[in-house]
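Okay, so chain A shows up in both of these, paired with chain B first and chain C after.
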Partner chain A sequence: MRARATPYLFLLPYLLLFGVFGLLPIVLGGWLSLHQWDFQLPNKPFVGLDNYQELFTPDSLVYGDWWESVRATAVFTVASVPLLVALPLGMALLLNRSFPGRTFFRAVYFAPYVLGVAVIGLLWRFLLDANLGLVNHLFGIGTPWLTGTPWAWVSLVGVTVWWTCGFNAVIYLAGLQDIPRELYEAATVDGATAWERFRHVTLPGLRPVLLFVITTTILASANMFGQSYLITQGAPGNETRTVVSYMVELGLARNDAGRAAAMSVTLALLLALVSAANFRIFRYREE
Partner chain B sequence: MSTRRHFLALGLGAAGATALGLAGCGDDDDSAGTAAGNGGKDYTGPKVTLNLWNGFTGGDGDIFKKLVDTFNGEHANIAVTVATYRWEDYYAKLPGAVTSGNGPDVAVMHMDMLATFAARKVIAPVDDVATALGLSENDFAPTVWKGGLYKDKRYGIPLDMHPVGLYYNKALFQRAGLDPAKPPQDRAEMEAALAALKGAGIQGFWISPFQFTGGMTAYSLVYQFGGALYNADATKATFNSDAAVEAVSWLRKLVTDGHSPADVGQDADYLALKAGQNAFNVNGIWQVNDLKKSPEVQWGVAPVPQIGSKRAVWANSHNFAIVQQKRTDANKVAGAKVFINWLSQHSLDWAAGGQVPARRSVLEDPKFIALTEAKALSAELPDAAFPPATPGIGDVTNLFYTAFNEAILGKKPPKQALDDGVAKADKLLEDNRKKYGD
Partner chain C sequence: MRRIPLYAALLALTAVFVVPLVWMVLTSLKTYPVAQQSPPVWLPDPVSDYGYGRLFRAGSQTPVHRWFVNSMLAATLHAALVVATAAPAAYALARMRFRGRQAVFVLVVGALFVPPATLIIPNFLIVDTLGWLDTLTAVVVPGAASAFGVFFLRQFFLSLPRELEEAAILDGAGPWQVFARVVLPLSKPALATLVVLSFLTNWNDFLWPIFILFSADRLTMPAGLGLLQGAYITDYPVVMAGAVLASVPALLLFVLAQRYVIEGVSRSGIKG
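Up next, the complex of A and B:
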């Protein structure tokens, strides 16, 4: 009896945490999305699927803003994910070789990641200011890094890559160190070039790590909020206001939690689809 | 800076409310608070302790605390304790705290928040304070006084008002051959000054595309050109009127004519003024204390010049409100009213914190006249254009600021940007009416 309970007892602490901080909020979010829910008003009428329907009804209050924010999130994700997957891989390959000062460089590339979004946000807002910023001053140009598209996207993607690529690099590095040395030695003996070793030893060896990095990076990019909130403030107009940014504004600033929850559920479903596709592609390659 | 923050405030309020339980806010009777005491003339009951919350985190907080200490010394049976939070945290905590019965007794609140909190039943009417003390419109600037009303009931007793003013860099004035003692006060003077500055190679009036400060400048000009953001009962947005289009176009033209660089970033306009690159910045009275910290900057401040057909400025105001309690303690309410009345009469000392007192008698006091900057901006009191007392109006006004952003950045022509903004604003106003059950 006791033996049978043991595994469940080991799982219990996490189950509790997951239940309280994971499952419960998800269920509550679904519940909220079916209501017109303002925390501070006494009546919170049930509205069925109205909050969802609005997202697809062109003349509704939120339709324009919602799709503009979906577009912003899509642009950011499509632009940032390839960079955040490829660049750290290159960095990890370099940092995996032995050369003097290796530990120093590993720390340097990881360093920005330890800074909070408020710090990097303010920092880059001042550096990229079109008229007073150091960047334009150094190059003697007047690029509107923060207030004009596509420059605002270049800024947001660039800052995010600078900020977070160290994290992905560390994960790649761990993956690289798990690939057995003998495989490389065998490949070298068989006369494989550096590229062939990368293509046929390193990449297959990294497949699970790659899947992890791609999935988490897509999710992180699709949830981007702080950068656009602090650096561009959504400008010009609301062009760089992401879905999460819009949801925060709606749910917390306007106390319109019902609509925000409906958007949140919709975004989660979209991301679940993307992740499922992602896993499919990787499994297909394995077969 | 304090004012910038409070626009986010309600937002975080939601988070606070979740933490404290989702129970609906009390449906207490509106009149719960109004029966107590004689409206603040005096208080003779048993000793009461009052909690007061405010958001005065700057130098103004110390001045406020000193005033409260004086009050406590003079009143043996009333003890006021003060808790200070940053405005956004403060507005965030308030509704949840009130719901759970841990709220303060007295709250300091911005005027444009009164209607929203009144509709949410967080604060109680204070009409009897006004009547018992014989306070009326005549004691205050009418615009400030009317701003405290929501649905014909008074929810706020004004303490001060903080308008925007025209800050200018005197060193740049001299470089362009202008008289630093004579800032422009109408459209012709303004345009002449800008031409002179341009002649000296200076972009004189940086227009930021964000609410702080370009949006507030545009807000002021819409009213100056005879327009308004909303119709009289705030059921329709009117910031695409000819007057509003003219106002925003005038500002956009400053950019296209080279009086302002394009793509001014957040705060860059003000920093450039301090750095001697920008001659004019329409900014809040709260910047006076910040500029005083930089003695190397030669600056002055004057009322916003009249660009349109009349004078008008963006402004906000700090008000006292009495918090709706789950169980009303008549003695506490009576004590709170005595405190509000006392502090309102002592608002001259408050003016030293960098605000324009709301009371007329204080405005004419020689000691106030000695406060140069606040005195200069107090001339704007009758021209203050406050937003209407409608719940949730701040969210709608943000749509005006977004439209302005698009127009100044040249994403859309002013007329189209404002038309698009109004279309959205009308939908939001209708949605708010349904939500707040108006």
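Up next, the complex of A and C:
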């Protein structure tokens, strides 16, 4: 009897945490989204799918702000993901040879990632300041990096690439080192050019790593919050306010937890679909 | 000679990553008027304790020393909690046969794809119900439900040779003894990796603490930095001094435990 209980005892402490802060919020999020839920009001009436319907009803209270935030998130994701998939691959290829100082450079490129978004946000808000900032000074220009579009987008994407490309590069690098050398040697013997070796040896060898990088990068970009909260503060207007930003502001600062939960569920479902699609595309190609 | 283009590219990239960080440190040592000069000047002349001095002065509305201690405490406890709960769970999933194992594993892996930001609203309500709002407990505990640690350690345990555990069982050791005396000592690098990554995640977390902490003396470092930006706006030596204080422990830990950080990140990609 004791022996049979052992695996469950090993699991118990984690499952307790996972149950309360991992599974319960998923269920509770669904529950909240079906109610008009104000933390400060005693009555929290059931409203069915109204909160969801409002997201798609042009004259509803939240419609305009919601779609503006969806647009912001979409613009950011579409602009940042290709860069965060391609540039780190280039960096990894650069680092994937033996030369003195390799580990040092890898560490330097990774370093910004160990700093939090709060540090990065404060630092870049200063660097991109139109008058006192280093960026405009170095390039001798007067670009309004924080207050005008498209510059605000360039800033948010650029800062995010600067901050996280070392992370993806390290993942690629590990993937590159797993590709057997013999494959490159055989390709060279067959007269393959550098481009052909990249196309027919490197890329296929990186497939699982690419799947991981693309999926995690899309998830991270679609959940962007801190950069726009601290660097552009949503400006100009609310043009760069992301879904996560709008959602938490509505739910926690303006006490409208029901509508915010409906947005959370919508975002989570959408991203689950995107992840599933990624897996399908990559698996299909493998066959 | 033929390496010159390679090193030129490497050094150019290095400048891109390092110059902003150097600028942060230099600015934190400037006086207010020097930092306000346009065009900006590189060197803090004179080198000044203006920024740090204002941060640490008595009776400040932005008690940065409290934030620092809060963050240290929270990140340390969080890392300990993650390892203490994830390690036995991961071991059970890697080595033991029991009813429901598959179901638990599927749930844990599935949870990796639920973005934490989408759980903030319900988690706020849960933490509120527990009476944890505006406490460090709320910074330490909920994040430890993350499935990453279990997933990561399970992969590592699966890669260990079974023979040592089997030998211990033949010697009459029970599962707890095998786990504590054989498996854990063999897993020091993986455990160290998880400790370091969990510490950094918690040290840097921003979205959660800014909404669940309210009192100025209970904030963590990142939440405090948000407040600092609002309070000092363009008083950049003060703001940058705060950013430096938040960066130093993270960068120091990275330098000391670089192997573990890079290892952990590398492995998450290959196995993912």
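Here is the rule we use: the second predicted complex is superposed on the first by the 269 of 287 C-alpha atoms of A that agree within 3 Å, B and C clash if a C-alpha of one lies under 4 Å from a C-alpha of the other, contacts with A are read in each partner's own complex, and residues count from 1 in each chain.
By our rule, a residue touches a chain if its C-beta (ideal position, glycine included) is under 8 Å from a C-beta of that chain, and two chains touch if they have at least 3 such contacts.
Only a predicted model underlies this, so the values are computations on that prediction, with no experimental measurement involved.
In the overlay built on the shared chain, the residue A:Ser275 is in contact with chain C alone; chain B does not reach it. In the superposition on chain A, A:Gly251 makes contact with both chain B and chain C.
Using the contact criterion defined above for the overlaid structures, shared-chain residue A:Ala130 touches chain B, although it does not reach chain C. Considering which of chain B and chain C touches more of chain A, the answer is C.
Residue contacts after overlaying the shared chain place A:Gly175 against chain C, while chain B stays out of touching range. Within the superposed three-chain model, A:Leu146 lies in touch with chain B and out of touch with chain C [touch as defined at top]. Of the two partner chains placed by the overlay, neither chain B nor chain C lies in contact with A:Tyr184. By the document's definition of touching, of the two partners only chain B reaches A:Asp38; chain C does not. Residue contacts after overlaying the shared chain place A:Pro236 against chain B, while chain C stays out of touching range.
In the superposition on chain A, A:Tyr52 makes contact with neither chain B nor chain C.
Overlaid on A, the two complexes show chain B and chain C touching the same residues of chain A, namely 39, 125, 129, 131-133, 248, 251-253, 257. The residues of chain A lying in touch with chain C in their complex are 3-4, 6-8, 10-11, 13-15, 17-18, 20-26, 28-29, 32, 39, 91, 94, 97, 99, 101, 105-112, 114-119, 121-127, 129, 131-134, 137, 162, 166-167, 170-175, 178, 208-209, 212-213, 216, 219, 222-223, 225-226, 229-230, 244, 247-248, 251-253, 257, 260-261, 264-265, 267-268, 271-272, 275.
Chain A meets chain B in the complex at residues 36, 38-44, 60-61, 64-65, 125, 128-133, 142, 144, 146-148, 233, 235-239, 248-249, 251-255, 257. Of all residues in chain C, those touching chain A in their complex are 3, 6, 9-10, 13-14, 16-21, 23-24, 27, 35-36, 38-40, 81, 84-86, 88-89, 91-93, 96-98, 101, 104, 107-108, 111, 113-126, 128, 141-147, 150, 175-176, 179, 200, 203-207, 211, 221-223, 225-226, 228-229, 234, 236, 239-240, 242-243, 246-247, 250-251, 253-255, 258, 261-262, 265-270, 272. Those residues of chain B that touch chain A in the complex are listed here as 8, 10-15, 17-18, 22, 24-25, 27, 95, 99, 120-122, 206, 209-210, 261-266, 268, 271-272, 275, 277, 392, 395, 402, 405-406, 409, 411-412, 417, 424, 427-428, 431, 435-437.
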